[in-house]
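The structure follows.
Chain lettering (A, B and C) follows the sequence in which the chains are written, and residue indices restart at 1 in each chain.
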């Protein structure tokens, strides 16, 4: 993937005419990473990374350990700031200028590798806290759950299949259920982009199948990015695959294309992508 | 009963604790004022003062629990806010002495005359008015907590780092208040109070009034803290306590939440300190000592953090033991306190209340997730001493 | 001369001999030589000197009594002594032991301890003090006051440095005539110790700076232009302000400025040394913490009590070996390491290992432990502070000039702290044990899989950190009192140092310790000791705000995830 051409003048124009917080996706893309470099003690975790996501696509990102997948997500969510490069949400919103919590609110949602739900809160409360809306502490002091919110919570709980457990403390859920709850929490945030890190690690076969179904159904309305080692799972859901290696994009295309790419084969030599 | 209705069953223990406090307020007041001194049921003024002190400690404990039990912020310097509230009250009481001090100076407290000062420093202005002092009692701790918290939370200082710098904060304040030049009476602090709001401070009725005020402040503080933790705000606190990065990823400005609850807690501590000072009759820099703060943490840990009523029980239990032990065998008190810390943290991390609670309804303080994550963070750090 | 080291009497073993060889012996010989030359010069019998030989005019007048005696005493005292006999007689006079034979032949006799009167010059026995014809010369107050500076001047030539020093001190409060001042001035270059020289130079300058003659003032200003003593500066200042003679005024101002510049430089160095000294103490107390907190991630609030244990170990060893202070001290270092280390291992196995992964609980439990240890110390050793005696080689100081001096014990602690630091660095970087410590700290599971017994490594690592704290306690015992609260006073500071330096980074600990120490000492002149501490604490808090992972954070993925 080559770098994205941006015309700075026309870009400035658009910035002025687009309402704040709304991404400009007139060119069909929702996220642009451009020349992003981030190093730790001289080790380049990301090395001139260029990546564009189309609005509404489902993208799988694969790559060996240390390829920079997690770091890339850190950069997109604002958890880390790159040394160089640009990250734009739509063509108009510079994510590097926004604090983490603003990015998280309605733009990019992230599901961590290890499921982290709020264990001490009930399943419904977990969703409630992640629903879109004001995050102001003052509002929260007075907030009551509205009927609208209740409907939305129930709707999401139904989608992820946890409606039965809504009153239970999240800590008693099984591993797979926690993964779904976390996806549900992500849905509640209503982000345009969903970053999902290894969603099926430790799941049973049936759970994997349900998760694949869920993710595929989410794409379209949202852009879904899945980082996964499990190639069988990738094959199940993937339309477009990006291979990361040493902090930059090695190959991009359909799963078959990249799997036959000589460079990819070379990188994976001795580390053949294995399925369960 | 209105109170009972407020507690809709799920917080029965809290209701009973508050009810016990209310009962104690009424019974002690009556037994002290209405019964003659030789009556077997008479409660001495000494006991009234002692219980009044415990009530203030309990409010301090609730304020600590609010941030530690619900937001995971362990402050080892909360005594500083308590002491600041106490000093604000002490300054008012000093100004009430007027010309009845040893030097008979109508404007200056004795220690300033002693230091050869000729006029009241600017920061003492206004403290002759009760309303002003009352405002300062919440504002000064609140502002300090606000400033400190803003700096700390904004840059994501958390966990043990925060604990240590809160300890440093109260340590620094202690050193500062020991200095005579600060104008707070130095080593001796503020004492020799005469009256409050025109009532003699040594009068039994004033003492009862202060005792009752402390009890009401505790009940009020409890209800306020309860309202906070039961709101959605409180749920966000629990969320960030257990999984702060996740909460941030949900879009919550975590620092602002922590700041708000930290300031609120500091204000409660300030009120506790302000009620404490007229009852014990003195405030000195010793209240800023890190040990005082950590003792308060011991009450919360012993009682059970994350329950709000646990710390009240803890404050009473530990301080009652302290009173008994320091009269019986003063040299054993520190062994007891130290041992209590170890026993509670190792064997009873949920405090005394966990012994009686059959099934947790209120979210108990999680000792698992957040702490483990944090430990991993520290543990994961390489030893590397780069040369 | 001012830049020569002084006080060479008390030095440590290796340093002592080197310095002796280099400085003390040559100086002493120089001193003795000059003393001989001086004596020879002074006591070559000058022809015109009034003699106190029997029958001389002075002696006759003394024998006469009354006004004549007073006059003769006055004249005699004002003259510098002509020969050793004269000096001996003056000393005797001062001690009320000078007798005069009132009947012819008029002569002086000095009363000795055995009651015999002897001739001041020859030492021949003349009789006893009770013999008829002998009368004790009694002094009135006016004469006594006159005699005092004369005796001091005599003492300045005494072979004993202490006597000379005391005499110089005494001259400051004596009543001096210009003649005396001139005499002192002439004497200054012959003195061996720069310290005494400087003192007397100050005294003379004090007189001459106020001399009515501008030439003398000018010369005096030139004479003190390189003296750093604050006393001289205080005397120069009024001249620089408002001397009627513009030349003197300008010279005084120039001299004052140049002195000030030099004082500033020395003051800066002194502050730096003080700061490094304080920093070394902070470093010592923080190194152990850098292991337990920095490497293992354990918050040990009882760390200060490990130092306390080390300090008490030192004290106990000194009680056991009261006559071998140095030996006790050198024994204390390994002993404190072992005692504190064992206590540390016991704490780790008995308490901390149950709390891994719960830092806040560890903090509280170890705090409880620290309370108990303090109270135990109070019960065992009493709540009173104990003082550890400094062995001889650590006493004294090295004073370069009035503004700059280093006490030996501080210097040794500075060196010692660096030794401990580098030893630890070496241990962690180069030894197998160090490798295991780092392996367990980075990845417990993996280390265990590689055959490292992580439980033991934890215990030993914690013991190592505690042992180093014990060793720090030995050093602390030398500069502060040993008491139950010894550790408490350092715990907050130590944590600040480790946190500021960046947890897990030993070099950061070094820089932070020294930095905090130096900053503290540079703030002290402006803010006072307590406020300086407050300011430093606040600054550290602010720095931690800016750099939450310390000044030298561990970088990389592992540090955050």
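Quick note on the criterion: a residue touches a chain if its C-beta (ideal position, glycine included) is under 8 Å from a C-beta of that chain, and two chains touch if they have at least 3 such contacts.
Computed from a prediction, not measured in an experiment: that's the story for all the values here.
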item: Shared interface partners, meaning chains that touch chain A and chain C; value: B
item: Centre-most chain [mean C-alpha coordinates]; value: B
item: Busiest interface, counted in C-beta pairs; value: B-C
item: Rounded Å distance between chain A and chain C, as computed from the means of their C-alpha atoms; value: 67
item: Rounded Å distance between chain B and chain C, as computed from the means of their C-alpha atoms; value: 46
item: Cα-centroid distance, chain A relative to chain B, in whole angstrom; value: 44
item: Sites on chain C at which at least two other chains make contact; value: 556
item: Multi-chain contact sites of chain A, meaning residues that touch two or more partners; value: none
item: Chain A - residues contacting chain B, complex; value: 77, 79, 99-102, 104-106, 109-110, 112, 116-121, 125, 128-130, 135-138, 140-145, 169, 185, 189
item: Contacting residues of chain B [partner chain C, same complex]; value: 74, 76, 148, 151-152, 154-157, 159-161, 163-165, 167-169, 171-172, 175-176, 178-179, 290, 294, 297-298, 301, 331, 334-335, 337-342, 344-346, 349, 367, 371-372, 374-387
item: Residue numbers on chain C that touch chain B, as the complex places them; value: 294-297, 299, 351, 354-365, 367-372, 374-376, 378-379, 425, 428-429, 437-438, 441-444, 492, 495-496, 499, 503-507, 528, 530-531, 533-534, 537-538, 540-542, 544-546, 548, 552, 554, 556, 558-561
item: For the chain B and chain A complex, residues of the former touching the latter; value: 228, 231-233, 235-236, 238-239, 241-243, 245-254, 256-257, 260, 363-364, 366, 368-369
